[in-house]
Every structure is written in C-alpha cells, then in structure tokens.
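Next, two complexes with subunit A in common: one pairs it with subunit B, the other with subunit C.
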Partner chain A sequence: MKITILEQNGNSLRFVLSGVSAPFANAIRRIIMAEVPTMAIDDVMMFENTSAMFDEMITHRLGLVPLTTDLDTYLLPEECDCESEFGCNNCRVSFTLDVKAEAELKMVYSGDLIPENADVSPAVKKIPIVRLANNQRLKLEAYARLGKGLEHAKWQPVSASTYKFMPIVEIDTKKCDGCGDCVKYCPKNVFSIEKLKPVVQNEINCTLCMECIRHCPIEPSPIKISHDKKTFIFYIESTGSMPASKLVKEAVKILERKTQSVIEQYKKVK
Partner chain B sequence: MGTAEEKPTTGIEYECISCKEKVTAEQLAITPEIKCPICGYRVLKKVRPQIVKHIKSR
Partner chain C sequence: MVLRIIKKEKNEMKIELDGEDHTLGNLIQHTLLMDKDIEFAGYDLPHPLSRKPIIYLRTKKGLKVENVFKRTLEKVSKQANEFLANFSKAVEK
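Take a look at the complex of A and B:
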C-alpha cells in the first residue's frame, strides 16, 4: 500500500492510493463523508428576530455554516459523561449574534457569529445569513456540537470526496495512421502530436470516456484504454472544518476502530 | 367598600398600523369591534411576545 500526494491547495487534496482493493478505497471515501465528526450549530435560542426570514429558516442556515473543528478538545455528545440535553463545556460551544440595521440595509454574515472559544469559529466569514432592513434586528444565541454526516448533512466535513481508477492509455503507433482525431476529440487533452503520431502526454487526466476510440478510423483501434484495479486517485475537498489531510487520517482511524470491533464480535461468537 | 378585583393580564399586545401605538388585548376587548382606541384605525398587527424561543437547526 502506498500514498503519493499529487497536489495540496488550502482545503483540497489530491492523492494516489495504490495497492488496495476497491471496497477499501470506497470505505475510506464513505467514512470521510459520513462518519468523521465535525462541529455545527444544532440549537438556537432566538431572542429577537424582526427580519424578513422566519426563525426556523434562519436557524437552518446557521446550522449549515461550516465551523473549524478541534477533535481533540471536544467529545461527541453520545460519548460525553454529562448526558445532559444541552451539553457541557466538553461537548458544546456557544456563539452569540446581535446585528441591528440602522438607517440602511445590512447583511448579516457568518462572520457576525461571535464564538465563546476562538478555536471553533466560522470557517468562512462572508456567508450571507439574512438581510436586514431599517430598524430590523437579529439577536440570538447558538450552540454547536460535534456530529456525523450520517445524522444530518450539516455535519459533512467535505464538499467533495471522490476517487477514480488510475487510467492506463497505450497507443500502438505502428498501426496508427496519424489522423489526429484522438487529439481533437479528447476532452481532457490526454494526447498530443509528436512527429506526426499521437503520444500520451497526460495519462492521469483520462476519464475513460473512450471518445478517442469512438472517433478512431481504424478498427480495432491502436489506442488501448484500461484501468489499474488496485490504484485510486482521490480528490478530497474540505469545507474548512479541518484540513483535508487530517480528514483522511481521521477516516483511517475510524475504519480501524470499526474493523477491530468486528474482529472482537467474531471472537466472542467463535 | 371592598378592594378592586385584580384580573390577570394576558400580556398579548397589538400595534396599530397607522399611529404605531401599542394596545393590549384587554383594551381591544372593551368595544365589540376591533379598532385602535387612539386613532380608530381597524387594522392591527400582533407584536411578537418577548419569549426566548428554542429552535433546532435541522
């Protein structure tokens, strides 16, 4: 098993995972989406809302705001000892929001949510919540807790968690007539012309669409498209809660925990 | 002779659209028709009660 990082920009990560089976890669992909815990607002105490949007709509929007998450400091409510409905300091973070529009229109942004603890704050400050007109006011207290994407989509830490097989593109130049159609019709610029014959310049971008073979005038085509069944190119894009590399590490820990519990159960039954 | 009866107030308030004065539910119950006791306008708006509302962000 081997991991090679292709690119890492801010919240997105593209890497190659080789030497694993498809179910394993899929398990990692699914756990990143649905089982890595993230912070999101779950309860709101509305003190004053004279805006044009009703209470439930505003709280729904607040719930969807991505918050920076620190998994080491906070616990999932199921695991916390307090067992209280509203949580304690170990499993809950509070925010306040108090915005009033004076003479002109004012937009309430996610950045207006003031956290009690700066470690857990909105990942993006310019998400518009609601627009206030003259003399309208929004005053509330919001409580965030850890949760998983399984329970509600607001706890999904990624906006993209996908993989594809590593493509294998080969051209038998002896059989090729050099018409150049494959270069013209490839949507991902996998081919280019060198010395009147097509060459593979960008194999990793191939999406296995087979347009090159479809347009090739020779049958059977000298182009051979296949994929490596044990190598996967992952693309993970975090919403800002945690860096994408941390998400992958947490997903692996969760997968390990799950397999351990299955092994333990098996030993008991055996 | 005896002390005046104290009726419990409901605390529900309305606001007249034109003169913007606050009117309680008891003041409106005085006359059979609903109208603002100050300016006589017949359209009133209910003022949101000062209760903290707990909502789930789901």
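Take a look at the complex of A and C:
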C-alpha cells in the first residue's frame, strides 16, 4: 500500500492511494461521508422572531451552518451517559444569537452566533441567515450536538468525498500521423505536441471520456486509454468542520473499530 | 452493531450484521473472495432502509468454515492499520 499526497490546501486534499481493492477505497469514501461525526445545530429555542421568515425556516438554515468540531471533547449523544433529552456539557454546545435591526436593513450572519465554547463555532462567518427590516429582531438560543451524515446531511463533514481510478493513456507513435485532433478535443489538456507528434503530458487529469479516440481520424486509434484498478485518486473537500486529513484518519479509525467489534461479537456468538 | 448467525453448517454460514451497510458488507465480501479456502461468498441487503446486510460464505469441500470469517476480518483490520500508518506518514511530509 502506497499513499502520496498530491495537493493539500485549506479544506481540500488530493492523494493517490495504490495497492488496495476498490471495496476498501469505497469503504473509506463512504465512512467519510456518512459516519464521521460532526457538530451541527439540532435544537433551537426561539425567544423573539419578528423577521419575515418562519421559525422553522430559520432553524433549518441554522442547522446547515458548518461548525468546527472537536471530537476529543464531545461525545455522541447515544454514547454519552447523561441520558438526558437536552444533553449535558459532554454532548451538547449552546449558542446564543441576538440581532436587532434599528433604522436600516440588517443581515443576520452565521458569525452572529455566539458559542459557549470557542472550539465549536461557525466554520464560515459570512453565511447569510435572514435579512431583517427596521425594528425587526431575532433572538434565540441554539443547541448543537454531534451526529452522523447518515442521519441528516447537516452532519456530513464533507462537501465532496470522491475517488477515481488512475488513468493510463498511451499513444502508439508509429501509427500516429500527428494531426493534433486529440490535443484540440481533449477537455482536460492531457496531450501536448512535441516534435509534430502528440505526447501524454497530464495523464492524471484524464477522466476516461474517450473524446480523443472519438475524434482520432485513424481507425483503430493509436491512442489507448485504460485504468489501473488498484490505484485511486482521492479528492476530499471538508466543509470546514475539520481538516480533510483529519477526516480521513477518523474514517480509518472508524473502519478499524467496526471490524474489531465484528470480531468480538463473532467470538461471543460462535 | 449486533451480529447474528442465521445459518451454520459444516462448510457454509450465513451471518447478519445488524446496523451495518454496503460499507462493510462489500468490503467483507471482497476480502472473503480473495481467500484461498473460499468457494463462494456474497452479501445482500434485503431492504435498503433496514441496514441489515447478510453475508453468505461457503468453503471448499472438507474445509471448516469457522476460522475463515475471523481471518478475513483480521485482514481488513490489518489493512486499515496499515493505511492509517502510511497516511499519517504521508501527511507529515
């Protein structure tokens, strides 16, 4: 198994994983999307809402605000031993919001949510919630808890969690007449011209669309496109709750915990 | 997660993993098929909302089924640990 990081900036991560089966790569992709816990607002107490939007709409919008998550301090409500309907300090974080528009129109942003613990705060401060007209007021208290993406998309820690097979593009230079159509039609700029013949320049960008072969005047085409079934190019884009690399690590830990629990249960049942 | 053995005979077994889905089902099926003692392995999710995949495995004639399942899961767990170690190293670089 070999892992190489291609690109890591801000919330996104691109890496190549080779020497594993597709089901393993898929398990990691699925766990990142559906089973890595994140914080999201789940309960809202409205004190005053004189805005044009219904309480439910505002609550829904608040729920979708991505929150920075600290997995070491907080527990999932089902794993917490408080067993309280409202949660305790180990499984719930509260936010307050109080915005009033005086003489002018005022936009309420996600950044107006004041957290009780600064470790859990809106990942992006400039998400519009509702616009208030003069003298309108929004006052509420919101409770966030950890949850999983399989319950509701607001608990999904990623906006993109994808992989593709590693493309293999080959050109038989003996049969190629150098017309350059493949260079012209390739949407991903995989080819370039060198000494009047096309050469593969960005193999990794190929999406296996076969456009080059479709436009190639020679039949059968000297271009051969295939993919390596054991090498994957992953692309993970976090919503800001955690760095993308942390998400991958958490996902593998969850997979490991799952298999261990199956082994234990199997020993017991057997 | 609750594991139930639905059917068990000399060389075949049916296991239900209550609370799992395709994530683990497909991974276990694939790893089972890679095992040299396995004649047939498959998994099924009888209903998409129930999250109860059923894994079926059958070993080649005369071979006992008991240890194959455990061995398979240990392989998965080993692979996960290897991934975590390699990934941490790659990120630090």
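Just so we're on the same page, the second predicted complex is superposed on the first by the 267 of 270 C-alpha atoms of A that agree within 3 Å, B and C clash if a C-alpha of one lies under 4 Å from a C-alpha of the other, contacts with A are read in each partner's own complex, and residues count from 1 in each chain.
Methods note: contacts are C-beta pairs under 8 Å (C-beta built on N, C-alpha and C of every residue); 3 or more make two chains touch, one makes a residue touch a chain.
Quick caveat: nothing in here was measured; it's all calculated off a predicted structure.
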item	value
Subunit B versus subunit C as contact partner of A:62, first or second or both or neither	first
Subunit B versus subunit C as contact partner of A:20, first or second or both or neither	second
Touched partner set for A:261, first subunit B, second subunit C, both or neither	second
Of subunit C and subunit B, partner touching more subunit A residues	C
Contacts of A:199 with subunit B and subunit C, given as first, second, both or neither	neither
First (subunit B), second (subunit C), both or neither touched by A:154	first
Where subunit A meets both subunit C and subunit B, residue numbers	none
Residues of subunit B defined as touching subunit A within the complex	48, 52-58
Touch list for subunit C against partner subunit A, complex	1-5, 15, 17, 20, 22-24, 26-27, 29-31, 34, 66, 69-70, 73-74, 76-77, 79-84, 86-91, 93
Residues on subunit A engaged by subunit B in the complex (per definition of touch)	40-47, 49-50, 55-56, 59-60, 62-63, 142, 152, 154
Subunit C-touching residues of subunit A, taken from the complex the two chains share	1-5, 8, 15, 17, 20-24, 26-28, 30-31, 34-35, 245, 248-249, 252-253, 255-256, 258-263, 265-267, 269-270
